[in-house]
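Chain naming follows the written order as A, B, C and D, and within any one chain the residues start at number 1.
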Amino acid sequence: MAENIYVRRANYYETDQMGIVHHSNHIRYFEEARLSFMHGIGCDVSEMEKSGIIIPNTDAYAKYHKPIRFYDRVYIEVRLEKFNGAVMRYEYTARLENGDIASTGYTTHCFTDSSFKPMTLKRKFPEYYKKLKDNIWREE
Amino acid sequence: MAENIYVRRANYYETDQMGIVHHSNHIRYFEEARLSFMHGIGCDVSEMEKSGIIIPNTDAYAKYHKPIRFYDRVYIEVRLEKFNGAVMRYEYTARLENGDIASTGYTTHCFTDSSFKPMTLKRKFPEYYKKLKDNIWREE
Amino acid sequence: MAENIYVRRANYYETDQMGIVHHSNHIRYFEEARLSFMHGIGCDVSEMEKSGIIIPNTDAYAKYHKPIRFYDRVYIEVRLEKFNGAVMRYEYTARLENGDIASTGYTTHCFTDSSFKPMTLKRKFPEYYKKLKDNIWREE
Amino acid sequence: MAENIYVRRANYYETDQMGIVHHSNHIRYFEEARLSFMHGIGCDVSEMEKSGIIIPNTDAYAKYHKPIRFYDRVYIEVRLEKFNGAVMRYEYTARLENGDIASTGYTTHCFTDSSFKPMTLKRKFPEYYKKLKDNIWREE
(Lines give C-alpha, C1' and ligand atoms only; values in the text may rest on other atoms or scores of the structure.)
Protein backbone atom coordinates (compact mmCIF):
# COMPACT_ATOMS: atom_id res chain seq x y z
CA MET A 1 0.00 0.00 0.00
CA ALA A 2 1.35 3.41 -1.02
CA GLU A 3 2.63 5.91 1.52
CA ASN A 4 -0.36 7.85 2.69
CA ILE A 5 0.82 10.62 4.99
CA TYR A 6 1.45 13.99 3.40
CA VAL A 7 3.26 16.66 5.43
CA ARG A 8 3.39 20.41 4.93
CA ARG A 9 3.58 23.59 6.92
CA ALA A 10 0.75 26.08 7.19
CA ASN A 11 1.47 29.24 5.24
CA TYR A 12 1.00 32.78 6.43
CA TYR A 13 -1.36 33.69 3.57
CA GLU A 14 -3.55 30.74 4.55
CA THR A 15 -4.38 32.30 7.92
CA ASP A 16 -7.26 34.71 8.33
CA GLN A 17 -8.01 37.45 10.83
CA MET A 18 -9.02 34.85 13.45
CA GLY A 19 -5.31 33.99 13.45
CA ILE A 20 -5.89 30.45 12.20
CA VAL A 21 -5.82 28.70 8.84
CA HIS A 22 -9.02 29.52 6.98
CA HIS A 23 -11.42 26.59 6.84
CA SER A 24 -11.41 26.45 3.03
CA ASN A 25 -7.70 25.70 3.13
CA HIS A 26 -8.25 22.39 4.92
CA ILE A 27 -10.09 21.34 1.76
CA ARG A 28 -7.02 22.40 -0.22
CA TYR A 29 -4.70 20.46 2.09
CA PHE A 30 -6.87 17.39 1.52
CA GLU A 31 -6.40 17.85 -2.22
CA GLU A 32 -2.64 18.15 -1.87
CA ALA A 33 -2.56 14.91 0.09
CA ARG A 34 -4.77 13.14 -2.43
CA LEU A 35 -2.80 14.27 -5.49
CA SER A 36 0.48 13.34 -3.82
CA PHE A 37 -0.98 9.90 -3.04
CA MET A 38 -2.24 9.52 -6.61
CA HIS A 39 1.15 10.56 -7.99
CA GLY A 40 2.78 8.00 -5.73
CA ILE A 41 0.70 5.14 -7.13
CA GLY A 42 1.29 6.16 -10.77
CA CYS A 43 -1.84 8.22 -11.27
CA ASP A 44 -0.41 11.67 -11.96
CA VAL A 45 -3.35 13.94 -12.59
CA SER A 46 -1.66 16.04 -15.26
CA GLU A 47 -0.83 12.88 -17.22
CA MET A 48 -4.33 11.57 -16.74
CA GLU A 49 -5.68 14.89 -18.04
CA LYS A 50 -3.40 14.62 -21.09
CA SER A 51 -4.92 11.17 -21.75
CA GLY A 52 -8.34 12.80 -21.65
CA ILE A 53 -9.41 11.94 -18.12
CA ILE A 54 -10.82 14.79 -16.05
CA ILE A 55 -11.46 14.13 -12.36
CA PRO A 56 -13.86 16.70 -10.93
CA ASN A 57 -14.99 16.71 -7.31
CA THR A 58 -18.58 15.71 -6.80
CA ASP A 59 -18.51 16.66 -3.16
CA ALA A 60 -16.23 17.70 -0.32
CA TYR A 61 -16.67 17.72 3.44
CA ALA A 62 -14.51 18.86 6.33
CA LYS A 63 -15.12 18.73 10.06
CA TYR A 64 -12.92 21.10 12.08
CA HIS A 65 -11.58 19.88 15.42
CA LYS A 66 -8.61 22.12 16.31
CA PRO A 67 -7.25 25.27 14.66
CA ILE A 68 -4.13 25.09 12.52
CA ARG A 69 -1.82 28.05 13.04
CA PHE A 70 0.87 29.63 10.92
CA TYR A 71 3.96 27.45 10.49
CA ASP A 72 2.34 24.44 12.15
CA ARG A 73 3.49 21.24 10.56
CA VAL A 74 0.36 19.39 9.42
CA TYR A 75 0.21 15.65 8.73
CA ILE A 76 -2.59 14.73 6.37
CA GLU A 77 -3.44 11.06 6.15
CA VAL A 78 -5.33 10.09 3.03
CA ARG A 79 -7.16 6.84 2.35
CA LEU A 80 -8.80 5.77 -0.89
CA GLU A 81 -11.99 4.38 0.61
CA LYS A 82 -13.88 3.47 -2.51
CA PHE A 83 -13.16 3.10 -6.23
CA ASN A 84 -15.29 1.32 -8.78
CA GLY A 85 -14.05 2.78 -12.05
CA ALA A 86 -16.75 5.46 -12.16
CA VAL A 87 -16.48 7.07 -8.74
CA MET A 88 -13.83 7.33 -6.08
CA ARG A 89 -13.98 8.52 -2.53
CA TYR A 90 -11.15 9.58 -0.24
CA GLU A 91 -11.08 10.11 3.49
CA TYR A 92 -8.68 12.43 5.26
CA THR A 93 -7.36 13.07 8.76
CA ALA A 94 -5.22 16.15 9.31
CA ARG A 95 -3.13 16.06 12.48
CA LEU A 96 -0.95 18.58 14.26
CA GLU A 97 2.58 17.73 15.35
CA ASN A 98 1.38 16.67 18.82
CA GLY A 99 -1.01 14.15 17.29
CA ASP A 100 -4.17 16.18 17.86
CA ILE A 101 -6.67 15.98 15.05
CA ALA A 102 -7.11 19.31 13.29
CA SER A 103 -9.74 18.14 10.83
CA THR A 104 -11.26 15.11 9.19
CA GLY A 105 -13.13 14.93 5.94
CA TYR A 106 -13.83 13.26 2.66
CA THR A 107 -14.14 14.03 -1.03
CA THR A 108 -15.88 12.20 -3.82
CA HIS A 109 -14.84 12.33 -7.47
CA CYS A 110 -16.04 11.09 -10.80
CA PHE A 111 -14.18 10.62 -14.08
CA THR A 112 -15.20 12.54 -17.17
CA ASP A 113 -13.98 13.33 -20.65
CA SER A 114 -12.82 16.84 -21.47
CA SER A 115 -16.41 18.03 -21.91
CA PHE A 116 -17.28 16.82 -18.40
CA LYS A 117 -19.26 13.82 -19.65
CA PRO A 118 -18.98 11.01 -17.06
CA MET A 119 -17.17 7.83 -18.02
CA THR A 120 -15.64 4.80 -16.34
CA LEU A 121 -11.97 3.92 -16.38
CA LYS A 122 -12.29 0.13 -16.53
CA ARG A 123 -12.39 -0.49 -20.28
CA LYS A 124 -10.72 2.62 -21.69
CA PHE A 125 -7.98 3.04 -19.12
CA PRO A 126 -7.27 -0.38 -17.61
CA GLU A 127 -3.82 0.61 -16.26
CA TYR A 128 -5.18 3.50 -14.25
CA TYR A 129 -8.10 1.34 -13.21
CA LYS A 130 -5.76 -1.31 -11.84
CA LYS A 131 -3.52 1.17 -10.02
CA LEU A 132 -6.44 2.72 -8.20
CA LYS A 133 -8.13 -0.62 -7.53
CA ASP A 134 -4.89 -1.97 -6.03
CA ASN A 135 -4.59 0.95 -3.69
CA ILE A 136 -7.97 0.98 -2.05
CA TRP A 137 -7.28 1.29 1.64
CA ARG A 138 -7.51 -1.78 3.81
CA GLU A 139 -6.85 -2.02 7.51
CA GLU A 140 -3.85 -4.31 7.96
CA MET B 1 -36.56 38.41 6.31
CA ALA B 2 -33.21 39.78 5.15
CA GLU B 3 -32.17 39.64 1.51
CA ASN B 4 -30.53 36.31 1.03
CA ILE B 5 -29.16 36.19 -2.51
CA TYR B 6 -25.54 37.19 -2.94
CA VAL B 7 -24.22 37.75 -6.47
CA ARG B 8 -20.66 37.82 -7.75
CA ARG B 9 -18.66 36.92 -10.79
CA ALA B 10 -16.17 34.06 -10.91
CA ASN B 11 -12.60 35.34 -11.00
CA TYR B 12 -9.84 34.15 -13.28
CA TYR B 13 -7.53 33.20 -10.41
CA GLU B 14 -10.31 31.01 -9.01
CA THR B 15 -10.21 28.70 -12.04
CA ASP B 16 -7.84 25.75 -12.18
CA GLN B 17 -6.32 23.80 -15.06
CA MET B 18 -9.61 21.97 -15.61
CA GLY B 19 -10.88 25.36 -16.81
CA ILE B 20 -13.47 25.63 -14.02
CA VAL B 21 -13.67 27.26 -10.61
CA HIS B 22 -11.73 25.12 -8.14
CA HIS B 23 -14.00 23.24 -5.76
CA SER B 24 -12.53 24.90 -2.66
CA ASN B 25 -13.72 28.25 -3.96
CA HIS B 26 -17.37 27.22 -3.73
CA ILE B 27 -16.77 26.98 0.01
CA ARG B 28 -15.39 30.53 -0.14
CA TYR B 29 -18.39 31.74 -2.12
CA PHE B 30 -20.63 30.27 0.56
CA GLU B 31 -18.73 32.27 3.16
CA GLU B 32 -19.08 35.48 1.18
CA ALA B 33 -22.83 34.93 0.98
CA ARG B 34 -23.08 34.17 4.68
CA LEU B 35 -21.04 37.18 5.80
CA SER B 36 -23.00 39.46 3.51
CA PHE B 37 -26.24 38.07 4.97
CA MET B 38 -24.94 38.51 8.52
CA HIS B 39 -23.86 42.07 7.77
CA GLY B 40 -27.32 42.74 6.38
CA ILE B 41 -29.03 41.67 9.60
CA GLY B 42 -26.69 43.72 11.81
CA CYS B 43 -24.19 40.97 12.64
CA ASP B 44 -21.00 42.31 11.11
CA VAL B 45 -18.32 39.77 11.85
CA SER B 46 -15.52 42.30 12.38
CA GLU B 47 -17.66 44.12 14.95
CA MET B 48 -18.58 40.84 16.61
CA GLU B 49 -14.89 39.96 16.78
CA LYS B 50 -14.15 43.34 18.38
CA SER B 51 -16.79 42.51 21.03
CA GLY B 52 -14.92 39.28 21.68
CA ILE B 53 -17.03 36.84 19.67
CA ILE B 54 -15.14 34.49 17.37
CA ILE B 55 -17.19 32.37 14.98
CA PRO B 56 -15.17 29.41 13.73
CA ASN B 57 -16.52 26.83 11.32
CA THR B 58 -17.18 23.45 12.83
CA ASP B 59 -17.85 21.86 9.48
CA ALA B 60 -18.38 22.62 5.80
CA TYR B 61 -19.87 20.60 2.97
CA ALA B 62 -20.33 21.23 -0.74
CA LYS B 63 -21.93 19.09 -3.42
CA TYR B 64 -20.92 20.02 -6.96
CA HIS B 65 -23.58 19.89 -9.67
CA LYS B 66 -22.33 22.01 -12.59
CA PRO B 67 -18.99 23.72 -13.20
CA ILE B 68 -18.66 27.46 -12.71
CA ARG B 69 -16.51 29.10 -15.37
CA PHE B 70 -14.55 32.32 -15.46
CA TYR B 71 -16.71 35.44 -15.46
CA ASP B 72 -19.91 33.49 -14.82
CA ARG B 73 -22.29 35.42 -12.65
CA VAL B 74 -23.06 33.23 -9.64
CA TYR B 75 -26.12 33.66 -7.40
CA ILE B 76 -25.59 32.23 -3.95
CA GLU B 77 -28.70 31.82 -1.84
CA VAL B 78 -28.04 31.54 1.87
CA ARG B 79 -30.45 30.42 4.57
CA LEU B 80 -29.84 30.41 8.31
CA GLU B 81 -31.33 26.99 9.05
CA LYS B 82 -30.58 26.71 12.72
CA PHE B 83 -29.47 28.97 15.56
CA ASN B 84 -29.73 28.29 19.26
CA GLY B 85 -27.21 30.71 20.72
CA ALA B 86 -24.40 28.14 20.79
CA VAL B 87 -24.41 26.80 17.25
CA MET B 88 -25.63 28.01 13.89
CA ARG B 89 -26.02 26.27 10.59
CA TYR B 90 -26.38 27.74 7.12
CA GLU B 91 -27.46 26.16 3.88
CA TYR B 92 -26.43 27.39 0.46
CA THR B 93 -27.48 27.03 -3.16
CA ALA B 94 -25.20 28.49 -5.83
CA ARG B 95 -26.89 29.01 -9.19
CA LEU B 96 -25.65 30.03 -12.62
CA GLU B 97 -27.32 32.80 -14.59
CA ASN B 98 -29.57 30.30 -16.40
CA GLY B 99 -30.88 28.98 -13.09
CA ASP B 100 -28.89 25.76 -13.12
CA ILE B 101 -27.58 24.74 -9.74
CA ALA B 102 -23.78 24.85 -9.59
CA SER B 103 -23.48 23.64 -6.01
CA THR B 104 -25.32 23.19 -2.75
CA GLY B 105 -23.90 22.91 0.71
CA TYR B 106 -23.93 23.83 4.35
CA THR B 107 -21.66 25.08 7.09
CA THR B 108 -21.92 24.85 10.85
CA HIS B 109 -20.42 27.34 13.27
CA CYS B 110 -20.00 27.81 16.97
CA PHE B 111 -19.29 30.92 19.01
CA THR B 112 -16.14 31.20 21.09
CA ASP B 113 -14.13 33.74 23.03
CA SER B 114 -10.79 34.88 21.67
CA SER B 115 -9.06 31.77 23.01
CA PHE B 116 -11.51 29.56 21.09
CA LYS B 117 -13.42 28.52 24.21
CA PRO B 118 -17.08 27.86 23.23
CA MET B 119 -19.78 30.14 24.62
CA THR B 120 -23.39 31.01 23.94
CA LEU B 121 -24.65 34.39 22.81
CA LYS B 122 -27.93 34.43 24.70
CA ARG B 123 -26.94 36.01 28.02
CA LYS B 124 -23.76 37.91 27.12
CA PHE B 125 -24.81 39.22 23.71
CA PRO B 126 -28.61 39.45 23.69
CA GLU B 127 -28.71 41.89 20.73
CA TYR B 128 -26.78 39.59 18.43
CA TYR B 129 -28.78 36.68 19.79
CA LYS B 130 -32.03 38.38 18.83
CA LYS B 131 -30.85 39.42 15.38
CA LEU B 132 -29.84 35.91 14.49
CA LYS B 133 -32.91 34.34 16.08
CA ASP B 134 -35.17 36.70 14.13
CA ASN B 135 -33.56 35.75 10.86
CA ILE B 136 -33.79 32.01 10.96
CA TRP B 137 -35.11 31.00 7.59
CA ARG B 138 -38.79 30.08 7.26
CA GLU B 139 -40.60 29.10 4.12
CA GLU B 140 -43.27 31.74 3.51
CA MET C 1 -13.28 55.50 -23.03
CA ALA C 2 -14.56 52.44 -21.20
CA GLU C 3 -15.61 52.59 -17.58
CA ASN C 4 -12.50 51.95 -15.56
CA ILE C 5 -13.45 51.73 -11.91
CA TYR C 6 -14.07 48.25 -10.54
CA VAL C 7 -15.67 47.91 -7.11
CA ARG C 8 -15.70 44.95 -4.74
CA ARG C 9 -15.68 44.18 -1.06
CA ALA C 10 -12.76 42.57 0.73
CA ASN C 11 -13.54 38.99 1.69
CA TYR C 12 -12.88 37.36 5.02
CA TYR C 13 -10.70 34.61 3.55
CA GLU C 14 -8.54 37.31 1.97
CA THR C 15 -7.43 38.63 5.36
CA ASP C 16 -4.45 37.17 7.18
CA GLN C 17 -3.47 37.03 10.82
CA MET C 18 -2.36 40.68 10.70
CA GLY C 19 -6.09 41.40 10.34
CA ILE C 20 -5.69 42.93 6.88
CA VAL C 21 -6.05 41.74 3.31
CA HIS C 22 -2.94 39.74 2.39
CA HIS C 23 -0.65 41.62 0.03
CA SER C 24 -0.92 38.97 -2.71
CA ASN C 25 -4.63 39.67 -2.93
CA HIS C 26 -4.07 43.23 -4.11
CA ILE C 27 -2.46 41.65 -7.17
CA ARG C 28 -5.64 39.58 -7.58
CA TYR C 29 -7.85 42.65 -7.21
CA PHE C 30 -5.81 44.29 -9.96
CA GLU C 31 -6.52 41.30 -12.19
CA GLU C 32 -10.24 41.45 -11.48
CA ALA C 33 -10.28 45.13 -12.45
CA ARG C 34 -8.29 44.46 -15.61
CA LEU C 35 -10.44 41.54 -16.77
CA SER C 36 -13.61 43.50 -16.07
CA PHE C 37 -12.21 46.40 -18.10
CA MET C 38 -11.20 44.05 -20.93
CA HIS C 39 -14.64 42.44 -20.90
CA GLY C 40 -16.19 45.90 -21.07
CA ILE C 41 -14.29 46.81 -24.25
CA GLY C 42 -15.11 43.51 -25.99
CA CYS C 43 -11.97 41.61 -25.06
CA ASP C 44 -13.33 38.77 -22.95
CA VAL C 45 -10.38 36.67 -21.96
CA SER C 46 -12.18 33.33 -22.19
CA GLU C 47 -13.25 34.15 -25.76
CA MET C 48 -9.75 35.30 -26.62
CA GLU C 49 -8.40 32.02 -25.23
CA LYS C 50 -10.89 30.08 -27.35
CA SER C 51 -9.52 31.95 -30.41
CA GLY C 52 -6.05 30.78 -29.40
CA ILE C 53 -4.77 33.90 -27.65
CA ILE C 54 -3.15 33.36 -24.25
CA ILE C 55 -2.27 36.45 -22.22
CA PRO C 56 0.30 35.63 -19.55
CA ASN C 57 1.67 38.18 -17.11
CA THR C 58 5.27 39.15 -17.71
CA ASP C 59 5.47 41.11 -14.51
CA ALA C 60 3.41 42.50 -11.65
CA TYR C 61 4.10 45.17 -9.07
CA ALA C 62 2.17 46.53 -6.09
CA LYS C 63 3.03 49.27 -3.65
CA TYR C 64 1.04 49.15 -0.41
CA HIS C 65 -0.11 52.42 1.12
CA LYS C 66 -2.95 51.60 3.54
CA PRO C 67 -4.31 48.28 4.75
CA ILE C 68 -7.58 46.95 3.37
CA ARG C 69 -9.76 45.33 6.01
CA PHE C 70 -12.54 42.78 5.86
CA TYR C 71 -15.71 44.07 4.19
CA ASP C 72 -14.07 47.32 3.08
CA ARG C 73 -15.40 48.43 -0.25
CA VAL C 74 -12.43 48.81 -2.57
CA TYR C 75 -12.43 50.89 -5.75
CA ILE C 76 -9.82 49.75 -8.25
CA GLU C 77 -9.10 52.13 -11.09
CA VAL C 78 -7.45 50.49 -14.09
CA ARG C 79 -5.77 52.23 -17.00
CA LEU C 80 -4.38 50.57 -20.13
CA GLU C 81 -1.13 52.55 -20.31
CA LYS C 82 0.53 50.86 -23.24
CA PHE C 83 -0.45 48.48 -26.03
CA ASN C 84 1.46 47.82 -29.22
CA GLY C 85 0.01 44.48 -30.34
CA ALA C 86 2.77 42.45 -28.67
CA VAL C 87 2.79 43.82 -25.15
CA MET C 88 0.31 45.61 -22.92
CA ARG C 89 0.77 47.34 -19.64
CA TYR C 90 -1.86 48.34 -17.09
CA GLU C 91 -1.67 50.65 -14.12
CA TYR C 92 -3.88 50.39 -11.06
CA THR C 93 -4.95 52.49 -8.10
CA ALA C 94 -6.96 50.80 -5.36
CA ARG C 95 -8.82 53.22 -3.09
CA LEU C 96 -10.80 52.82 0.10
CA GLU C 97 -14.28 54.28 0.49
CA ASN C 98 -12.87 57.49 2.04
CA GLY C 99 -10.67 58.07 -1.00
CA ASP C 100 -7.42 56.97 0.65
CA ILE C 101 -5.14 55.02 -1.61
CA ALA C 102 -4.72 51.41 -0.46
CA SER C 103 -2.30 50.38 -3.19
CA THR C 104 -0.97 51.26 -6.59
CA GLY C 105 0.68 49.00 -9.11
CA TYR C 106 1.10 47.78 -12.63
CA THR C 107 1.16 44.58 -14.63
CA THR C 108 2.67 43.80 -18.02
CA HIS C 109 1.38 41.13 -20.36
CA CYS C 110 2.32 39.55 -23.65
CA PHE C 111 0.22 37.57 -26.11
CA THR C 112 1.09 33.99 -26.95
CA ASP C 113 -0.33 30.97 -28.70
CA SER C 114 -1.45 28.00 -26.66
CA SER C 115 2.13 26.73 -26.36
CA PHE C 116 3.20 30.08 -24.85
CA LYS C 117 5.01 31.19 -28.03
CA PRO C 118 4.82 35.02 -28.23
CA MET C 119 2.85 36.60 -31.05
CA THR C 120 1.37 39.96 -31.98
CA LEU C 121 -2.32 40.65 -32.38
CA LYS C 122 -2.13 43.16 -35.23
CA ARG C 123 -2.29 40.90 -38.29
CA LYS C 124 -3.99 37.77 -36.91
CA PHE C 125 -6.53 39.41 -34.62
CA PRO C 126 -7.22 42.89 -36.00
CA GLU C 127 -10.54 43.26 -34.12
CA TYR C 128 -8.98 42.67 -30.74
CA TYR C 129 -6.04 44.83 -31.79
CA LYS C 130 -8.35 47.73 -32.59
CA LYS C 131 -10.39 47.37 -29.39
CA LEU C 132 -7.31 47.52 -27.21
CA LYS C 133 -5.68 50.28 -29.26
CA ASP C 134 -8.84 52.39 -28.99
CA ASN C 135 -8.91 52.05 -25.23
CA ILE C 136 -5.41 53.10 -24.32
CA TRP C 137 -5.84 55.55 -21.50
CA ARG C 138 -5.56 59.26 -22.22
CA GLU C 139 -5.96 62.08 -19.76
CA GLU C 140 -8.96 64.10 -20.88
CA MET D 1 24.71 32.36 6.50
CA ALA D 2 21.36 30.63 6.87
CA GLU D 3 20.10 28.12 4.32
CA ASN D 4 18.31 30.12 1.70
CA ILE D 5 16.70 27.73 -0.75
CA TYR D 6 13.08 26.83 -0.08
CA VAL D 7 11.55 23.92 -2.02
CA ARG D 8 7.90 23.07 -2.62
CA ARG D 9 5.68 21.56 -5.25
CA ALA D 10 3.09 23.53 -7.20
CA ASN D 11 -0.42 22.67 -6.09
CA TYR D 12 -3.36 21.93 -8.34
CA TYR D 13 -5.50 24.73 -6.89
CA GLU D 14 -2.70 27.17 -7.68
CA THR D 15 -3.06 26.60 -11.43
CA ASP D 16 -5.52 28.62 -13.51
CA GLN D 17 -7.29 27.94 -16.77
CA MET D 18 -4.09 28.73 -18.71
CA GLY D 19 -2.82 25.47 -17.18
CA ILE D 20 -0.05 27.21 -15.24
CA VAL D 21 0.41 28.52 -11.71
CA HIS D 22 -1.39 31.84 -11.41
CA HIS D 23 0.98 34.80 -11.28
CA SER D 24 -0.25 35.91 -7.84
CA ASN D 25 0.96 32.62 -6.41
CA HIS D 26 4.58 33.38 -7.23
CA ILE D 27 4.24 36.27 -4.78
CA ARG D 28 2.95 33.72 -2.24
CA TYR D 29 5.85 31.37 -2.93
CA PHE D 30 8.22 34.27 -2.29
CA GLU D 31 6.54 34.81 1.08
CA GLU D 32 6.86 31.14 1.99
CA ALA D 33 10.58 31.27 1.19
CA ARG D 34 11.05 34.46 3.19
CA LEU D 35 9.18 33.23 6.27
CA SER D 36 11.05 29.94 6.20
CA PHE D 37 14.34 31.87 5.99
CA MET D 38 13.28 34.16 8.84
CA HIS D 39 12.26 31.18 10.96
CA GLY D 40 15.64 29.62 10.24
CA ILE D 41 17.53 32.63 11.60
CA GLY D 42 15.40 32.88 14.75
CA CYS D 43 12.89 35.44 13.53
CA ASP D 44 9.65 33.50 13.64
CA VAL D 45 6.94 35.87 12.50
CA SER D 46 4.27 34.58 14.87
CA GLU D 47 6.62 35.12 17.82
CA MET D 48 7.56 38.56 16.56
CA GLU D 49 3.86 39.40 16.29
CA LYS D 50 3.32 38.22 19.87
CA SER D 51 6.10 40.63 20.94
CA GLY D 52 4.18 43.39 19.18
CA ILE D 53 6.10 43.58 15.90
CA ILE D 54 3.99 43.60 12.75
CA ILE D 55 5.80 43.30 9.42
CA PRO D 56 3.63 44.51 6.56
CA ASN D 57 4.74 44.52 2.94
CA THR D 58 5.39 47.94 1.51
CA ASP D 59 5.80 46.61 -1.99
CA ALA D 60 6.12 43.42 -4.01
CA TYR D 61 7.36 42.74 -7.53
CA ALA D 62 7.57 39.62 -9.67
CA LYS D 63 8.92 39.14 -13.17
CA TYR D 64 7.71 35.97 -14.88
CA HIS D 65 10.17 34.05 -17.04
CA LYS D 66 8.79 30.50 -17.44
CA PRO D 67 5.47 28.99 -16.41
CA ILE D 68 5.27 26.74 -13.36
CA ARG D 69 3.00 23.76 -13.87
CA PHE D 70 1.12 21.50 -11.48
CA TYR D 71 3.38 19.27 -9.39
CA ASP D 72 6.57 21.01 -10.58
CA ARG D 73 9.12 21.16 -7.85
CA VAL D 74 10.04 24.82 -7.39
CA TYR D 75 13.25 26.04 -5.74
CA ILE D 76 12.91 29.54 -4.33
CA GLU D 77 16.16 31.25 -3.39
CA VAL D 78 15.72 34.13 -0.97
CA ARG D 79 18.28 36.79 -0.08
CA LEU D 80 17.91 39.50 2.55
CA GLU D 81 19.35 42.34 0.50
CA LYS D 82 18.86 45.23 2.88
CA PHE D 83 17.99 45.73 6.53
CA ASN D 84 18.48 48.86 8.59
CA GLY D 85 16.13 48.30 11.51
CA ALA D 86 13.27 50.20 9.90
CA VAL D 87 13.00 48.59 6.49
CA MET D 88 14.00 45.28 4.96
CA ARG D 89 14.15 44.13 1.40
CA TYR D 90 14.32 40.60 0.03
CA GLU D 91 15.13 39.33 -3.42
CA TYR D 92 13.91 36.05 -4.83
CA THR D 93 14.71 33.66 -7.66
CA ALA D 94 12.29 30.79 -8.30
CA ARG D 95 13.76 27.97 -10.38
CA LEU D 96 12.33 24.83 -11.92
CA GLU D 97 13.93 21.43 -11.41
CA ASN D 98 15.99 21.81 -14.61
CA GLY D 99 17.49 25.06 -13.35
CA ASP D 100 15.40 27.35 -15.56
CA ILE D 101 14.29 30.52 -13.86
CA ALA D 102 10.51 30.65 -13.41
CA SER D 103 10.41 34.08 -11.80
CA THR D 104 12.46 36.68 -10.00
CA GLY D 105 11.26 39.40 -7.70
CA TYR D 106 11.59 41.39 -4.53
CA THR D 107 9.52 42.53 -1.59
CA THR D 108 10.04 45.39 0.83
CA HIS D 109 8.76 45.45 4.41
CA CYS D 110 8.61 47.82 7.32
CA PHE D 111 8.13 47.14 11.02
CA THR D 112 5.13 48.54 12.86
CA ASP D 113 3.35 48.23 16.16
CA SER D 114 -0.04 46.55 16.27
CA SER D 115 -1.77 49.74 15.10
CA PHE D 116 0.48 49.81 11.99
CA LYS D 117 2.58 52.74 13.29
CA PRO D 118 6.12 52.37 11.89
CA MET D 119 8.97 51.72 14.30
CA THR D 120 12.56 50.53 14.20
CA LEU D 121 13.83 47.34 15.78
CA LYS D 122 17.25 48.57 16.92
CA ARG D 123 16.50 49.90 20.39
CA LYS D 124 13.33 48.01 21.33
CA PHE D 125 14.18 44.62 19.86
CA PRO D 126 18.00 44.34 19.76
CA GLU D 127 17.97 40.52 19.48
CA TYR D 128 15.81 40.51 16.36
CA TYR D 129 17.82 43.45 15.06
CA LYS D 130 21.06 41.50 15.41
CA LYS D 131 19.67 38.31 13.86
CA LEU D 132 18.50 40.13 10.77
CA LYS D 133 21.63 42.30 10.54
CA ASP D 134 23.82 39.19 10.73
CA ASN D 135 21.95 37.52 7.89
CA ILE D 136 22.07 40.19 5.25
CA TRP D 137 23.16 38.43 2.11
CA ARG D 138 26.77 38.75 0.98
CA GLU D 139 28.34 37.12 -2.03
CA GLU D 140 31.01 34.78 -0.74
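Criterion: contacts are C-beta pairs under 8 Å (C-beta built on N, C-alpha and C of every residue); 3 or more make two chains touch, one makes a residue touch a chain.
Just so it is clear, the structure is predicted and the values come from calculations on it, not from any experiment.
J.: If you take the mean of the Cα atoms for each chain, which one ends up farthest from chain B?
T.: D
J.: Between B-D and A-D, which chain pair is linked by the larger number of C-beta contacts?
T.: Between the two chain pairs, A-D has more contacting C-beta pairs.
J.: So the centre of each chain is just the mean of its C-alpha atoms; given that, what is the distance between chain B and chain D in Å?
T.: Inter-chain centre distance comes to 33 Å.
J.: Using CA atom averages as chain centres, what separation in Å is found between chain A and chain B?
T.: Each chain reduced to its C-alpha mean, chain A and chain B end up 24 Å apart.
J.: How many angstrom lie between the CA centroids of chain A and chain D, rounded to a whole number?
T.: 28
J.: Out of chain C, which residues touch more than one other chain, so two or more?
T.: In chain C, 12-13, 17-18, 20, 24, 28, 31, 46, 70 touch at least two other chains.
J.: What residues on chain A touch chain D, complex-wise?
T.: 8-9, 11-13, 28, 31-32, 35-36, 39, 44-46, 69-71
J.: So in the complex, which bits of chain A are touching chain C?
T.: Touch list, chain A to chain C: 12-13, 15-20, 22, 24, 70.
J.: Help me check something: in the complex, which residues belonging to chain C touch chain D?
T.: Touching chain D: residues 17-18, 20, 23-25, 27-28, 31, 46, 49, 54, 56-64, 67, 107, 116 of chain C.
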